[in-house]
Every structure is written in C-alpha cells, then in structure tokens.
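First the structure, in the form of structure tokens, and then the observations on it.
Letters are used for the chains, namely A, B and C, taken in the order the chains are written, and counting of residues starts over at 1 for each.
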Amino acid sequence: MRIGACKKTYGRRVVLNCPEMFYEPGLIYAVAGPNGSGKSTYAKIAAGVIRPDGNVKVTDGKEVVRYMPQKSFPFRMSVEKNILLFGGDRKRAEMLMEALGLAELKKQSAAVLSGGETAKMALARVLMRPCDLLILDEPAAAMEMEAAVRTESLIDEYRRECGCAVLLVTHDLSQARRMADEALFFFRGELREHGKADQVLRHPEKEETRRFLDFYGGRITEG
Amino acid sequence: MKKLLSRLMAGALVTGMITGTAVSAVSAAESTVTSAAESMAEVSTVILKEADDNMINTYSLLAVNPDAPFVDADGNPVSDVTLNTAGAEALIDWFLSEEAMTLAAEYGQEEYGDSLFYLLEGAPVFEGEIAPASEETSVIRLSTTTSVNDSGLLGALLPVFESEYGYTVEVQSAGTGKAIAAAKDGNADLILVHAKSQEEEFVDGGFSYVLPGFESERLSFLYNYFVLCGPSDDPAGVKDCESVLDAFAAIADGKYPFISRGDGSGTHTKELSLWPEALGITDAPESFADYTDWYTSANAGMGACLVMAEEMGAYILTDKATFLTFQANGGNM
Amino acid sequence: MLTSLQKAIELILTGNRELGNILLVTARMCLASSLISLLIGAPVGIWLGAAEFPGRRIFVVIFRTLMGMPPVVCGLLMYMLFSGVGPFRKYKLLFTVTIMVIAQVVLITPLVIANMETYVSSLAQTVKETAKGLDFGFWKTLLLLANECVYPLFSTYLLAFARSVAEVGAVSMVGGAIAWKTNVMTTAIMLYTNRGDFTLGVALGIILIAISLLVNIAVTVMQRRLSR
C-alpha cells in the first residue's frame, strides 16, 4: 500500500512534509508525535479527506481506505443504525457492539452518547467492512483504560481477518508499544524517524524523539 | 400615555379577579370594565373650526386615458398598457347618476348624525344608460385616496353598483400622490381624488380624457370640509378667530403644538396652504427645521396623527370622517 | 386593550365575512410563500453550507445581505417590474395574491438559505470526514447531511412563516390591500389604524398572534415527532 509524498501548507506555515511511504499489509503502524506535528494532517491526507498542496493524488485509488477521524460524527439516529449505515452484516454489528459494551445502548439515539461512547460507536462503524488500509486517529483517546485495551484486540483481529495495513495515530505511547509493528515519528510536520516500533519507541535515534518519549512517561516504563 | 397605563392597570385588575373563583368577583370585575370603558370614551380633542371656505375639499373623478403618454421607469414610452376603459366609463357614469349622488349625500347621517359629503352645485349629471359588465370589462381598478376609502363612502356605494351592473371594483387606496402615480403607471382605470393642483397636472400631462357626454376630464362632484381640531380648552383661541387662516396664524404665533401629516397626502397639501406665507412652510423638511419645537411632521396616517394630537394636546387638520370615527372609538388604542 | 380583546372575540364568534376572507387570503399567501421559500432555500442553503468551491464566501455574504433587504424595497422592485408600464406587464400580476407570494419568496428565500447555511456549515466538515472515512460517495454523504437538517428545517420554516405573516411593506405595495382580494391581516391592520379605528386594528393583531401561536405549536409538535 503506497501513500505518495505529500506536503501541506496553511499560508506560510508548513504543517506537513512527508516522503512517499509503503505500508505492508497486515502490519500496524503507530503514528506518533507531539501536538501540531502533522500526524493528524497526514492521516487526513492519506484518507483522502483533505487534499495536499498541488492537489496531488497520494493513493492509486484502487485500494479501499477506511478512516475514523478524531471527532467522528454521531448521525442523528440510533446507535445500531449508525453502525449499520446503508446496510451491513447484522451479526458483525452485534458482535462489535457486544465487544465494545454498546449492546445496551443500541436503541438509544447517538446524539446523547458521551464522548467515549461516541468513539466506541465510531470504531464499531469503521470496522464493519474490510479494507486495504485502516486509519484510526486517536481511537481510544476518550475511552477509559479498560475499554481502550478491548479495542486493541478488536483492531488486531480486524487486521488479521482482512489483512490490511493499519495507521494508528496516537498519543498513548503504551498503546503504541503494545500494538504497533512499526512506528513513524513526526515533528514539526516532518517525518523524523521511521522503523521497527521497538526501536523508534524505546531506543530512538533522534534527539526530538527522545525528548518526546521522556515527556510522555519515560522510555522504558512498559514491558 | 397616562390613559393607556390606567387601562392596563384596569386590565390587570380584571384578570386578577377573573382568575379568582368567586362568582361575585367576576361580576365586580365586569363593573370595572364598564366604568373603564366609559372613562376612556372621552376624547379631549374636539373640532374647533369647520365649514370654512379655505378648508373646502372637493372630490373629482378622472378616467385614465388609454392613449396617455405612459413611460416606464427609464422614461421609455410604453404603448400597450391595458386599461378597462369601458368599465371605468360605466363606473363614472354611475357615480354621476342620481342614484349614486343621493346615496353619497345621505352617507354618514345614520352613523354620525351628519352628512360627510355634500353634492357640489353644478356637478355633471349622467342620465343615460349605464353599460352592464361583459367578460372583458367586469373588473374595474379604482385608485383613490385613503380619506375617501377610510370614510366608508365607497364601502356603502360600490356594492350597489356591483350588484346592479355585474362589475367588481378593486379599490386601492393610498395618499393622493401615490394614488395618482398608480394611474400614471397604468395600474388604475380611474381615479377618485381630492387635490386640485395634482389633478390638473394629471390632465395636462394627457393622462385623462373627456368621456362621451361630459365636458371636462375632471369631474368634480362631491365636497366636504377639512376640520381644524385641537384640545378642548383651546389655548390658542382659534375658536374665536375670524377665519381658519387667522387660526393657523394664532397657532404659529403662540407656538402651540401642531401635528402635520407630513406625508404628501391631500390633507397635508391643504394644511401647507393654510399657514401664513411668511413662515415659508412647505413639504421640504428644511422649511420647518426652525419650528420643530411646536411643529411635528409625523409622516403617518390620519389615525396615527390623531392619536398623537390627543396625547400631546396638539392642534391638527383632519378630514371630518376620520375624526368622527376616531371620536366614536373613544380615541382608543 | 380590553375593548380590543372583546372585539377580537366578538369578531371570531360572529363569523364576520370580511374577516373570514382576510384570514383566507392571509393563509393562502403565507403557506404558499413560506413553503416555496423553504423548497428553494433549504436545498440551496444545505448545498452552500456543505460545498467547497472558490467564491463560496461571496455567495454567503450576498445571501446574508439580501436577508436584510427592507420589505418595502422588495415590494417597490416587484411593483416596478409588474406595473402597468413595467417590463412584465403582460403577465397582469400586479394586485394579485400571486405577486404577493412572489415578492415574499424573494424576501424570505435568502433568510432560509442563510439560516440553513449557518447550520450546515457548522457540521459539514465533521460529517464529510466521517462519511468519507466510511467510503461513502457523494449521494450517501448528502443524504446523511440532509438527515441532520430535519430539526433545523422546522425552525427555519417557522422563521419563514413568521416573516411572511408579519410582513406588510412588500405585500401592501404589490397587493394594494384590495378588499376581498389581496387584503391580508397586516394590511388590514394598517388600514384600520390609518382610519383611526385602533380597536379593530388591535383585535386583528390579537387574532394574528393567536394564529401564529397555533402554527408554532403545530410545527413544534411535528418537529418533535419527526426528528426523534
């Protein structure tokens, strides 16, 4: 799965400048970096939600990309209908709702859900159909620890079933370490480091990465 | 304002009592209503000067000329304006028939105990046959001034004509200036107005024509008088003035409050002609800029102006019909 | 005020024929103009709120400006166009209910557009991102967006209706307030006021407000039912 080189500027500020990347099917890529480092912008460009400078195409257009934005929209209908939008496998929906603890809320209007519940619903919704590249922007940011861990196994299962590559944008270093096979580190819009997750997230080469890891709870805290 | 307040308070009192359950409270409330109604029936504005030759108000009918030099908004000539000339002719013929004249002269006697319109001596009379409506001529557009329509005269007369000859008359009323403008724009088949100078201008412009059997474009047939009203204690003493011109001079001399329509209506036009020439009051706002301490240009309808005069204890020139309606309603807001 | 209230009740109870006609003309005009404005304005507003193209802001500014157009100016414009000497004279529409509806549609549609645009643009970005992320095409996205607009659509309709029923400047200009034909509540109130008959004016005003209240209740109930 190829994501072409892309650049995004707002006015004079360069928010993203990333070279061409290839993502192996079946692997999870953690996308890390401080606020404003361009990681969400990268996710949006890869998902085709915003266009990079010069309107260049970053994908070949043949692969199916599914994307869960940081703020997913709860459509004005029940939780169940949100997940089954325009038809879908009922059994799979039941399974996802059960796994995410949404079963009791399924008839409720999505408009009244809490932030964490909305994120769970959005995750179930994006995991309903197979794809070639799954992009998740902070899927567990609003969830409590327990639920966050449960989502990890769901995501893991999903990529095994359909053999897709996963881009996981996250702040949560421990989650990144638990899940990712490889990691990308963005800083000030630049892709600074890329390699095996273990290496980038535990023994980084670059000074900025090291400082970031220090700030977010130490380098070697997690087993 | 004081009156309005007291009325509101009476209202609050009544509502409070009605919501109570006792029947006696309700009947007590009712008596409050009647006494409140009686007290509000007093209007302190009264007629001080009337039937003065300077305040004569003549009404004329003019048929719109189908071959008039109509122009569009950019001044380009327009030749295909559609008018119902036959309908206009029938209605004018009827207005000038004995039947309509009698109805007009009697109008108001029943309600106010006084005629609101008088027949003009030497007015043209129509004695021939009035053409009944056909399919093309059945809708007649009459443009008239608010005072004619508001007096209720047309409401009393037109149904008789409509049922007798099968026409439908669409009455559109506006200030004299606007009423004449509507005819110049081809939006009326005939006009019934009361401003001589503006009528003559209309005729001179070629917008009217002489109907068969008549001698003039302007067919004046009714008249009445404007009345000068003011507070009943009459501080300017206009009641004792020889003529209305002296009365206006007295108001201006003493700087007693005066409400002017200020809207280019026939009443406004008449009022402007009654002030002493030295004051130089015209319809231009600059002309009365120095008199704003007593001269109020309201730019409002007759009814609204009467309320203002009543509240301020001011003098005002009005047509009699509107004043009588106002008085009958107890100056009610 | 009390006498006016009394008179209002009296008018309704005695089934005054002229009042009946005025109410009928008012209802015909208001329903037509508010519904047509909604039919034109809502799709345009939703599209304008969701679309991205250069110059979108210019359109938004134009519609927001038109929203503030004084009714009299709109009436005057229509009067000049449809007058006996105007360019559209052959349609013979001046002083008809049709032209009153047209004038009101011109007046109210920008209001509907601007209102819907404001609402839609506030959520279009997130809706589009979410829909795109689920691999939905243009039409499905539009459908989802339209589904979000059900609730504000009712409020916008009420706004359109309120503007229509309360408006006097344009309708008196192009309608001429002709009895039994184009006289509506507001123009009738004007006529009675100018005539010095305030009691009747206020009585009509009370009836007008009562009707507005009924319409508001009906639409609000529908809104709650349909947008649940």
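Going forward, a residue touches a chain if its C-beta (ideal position, glycine included) is under 8 Å from a C-beta of that chain, and two chains touch if they have at least 3 such contacts.
Since the structure is predicted, the reported quantities are computational estimates derived from the model, not experimental observations.
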Chains most often in contact, by C-beta pairs: B-C
Chain separated most widely from subunit B, comparing mean CA positions: A
Length of the line joining the C-alpha centres of subunit B and subunit C, rounded to whole Å: 33
Averaged-CA centre spacing for the pair subunit B and subunit A, given as whole angstrom: 78
Gap in Å, rounded to a whole number, between the CA centres of subunit C and subunit A: 46
Multi-partner residues of subunit A (at least 2 other chains): none
Subunit B residues counted as touching two or more neighbouring chains: none
Residues of subunit C defined as touching subunit B within the complex: 1-4, 80, 83-87, 89-90, 92, 94-95, 176-179, 181, 190-199, 202
Subunit C-touching residues of subunit B, taken from the complex the two chains share: 7-8, 10-11, 14, 33, 36-37, 40, 70-73, 78, 80-83, 141, 146, 149-150, 155, 170-173, 185-187, 301-304, 306-307, 322-323, 325-326, 329, 332-333
For the subunit A and subunit C complex, residues of the former touching the latter: 44, 47-49, 64-69, 71-73, 75-77, 85-86, 109, 122, 125-126, 129, 131, 135
Touching residues (chain side subunit C, partner subunit A) in the complex: 123, 126-130, 132-136, 140, 144, 147-148, 150-151, 227-228
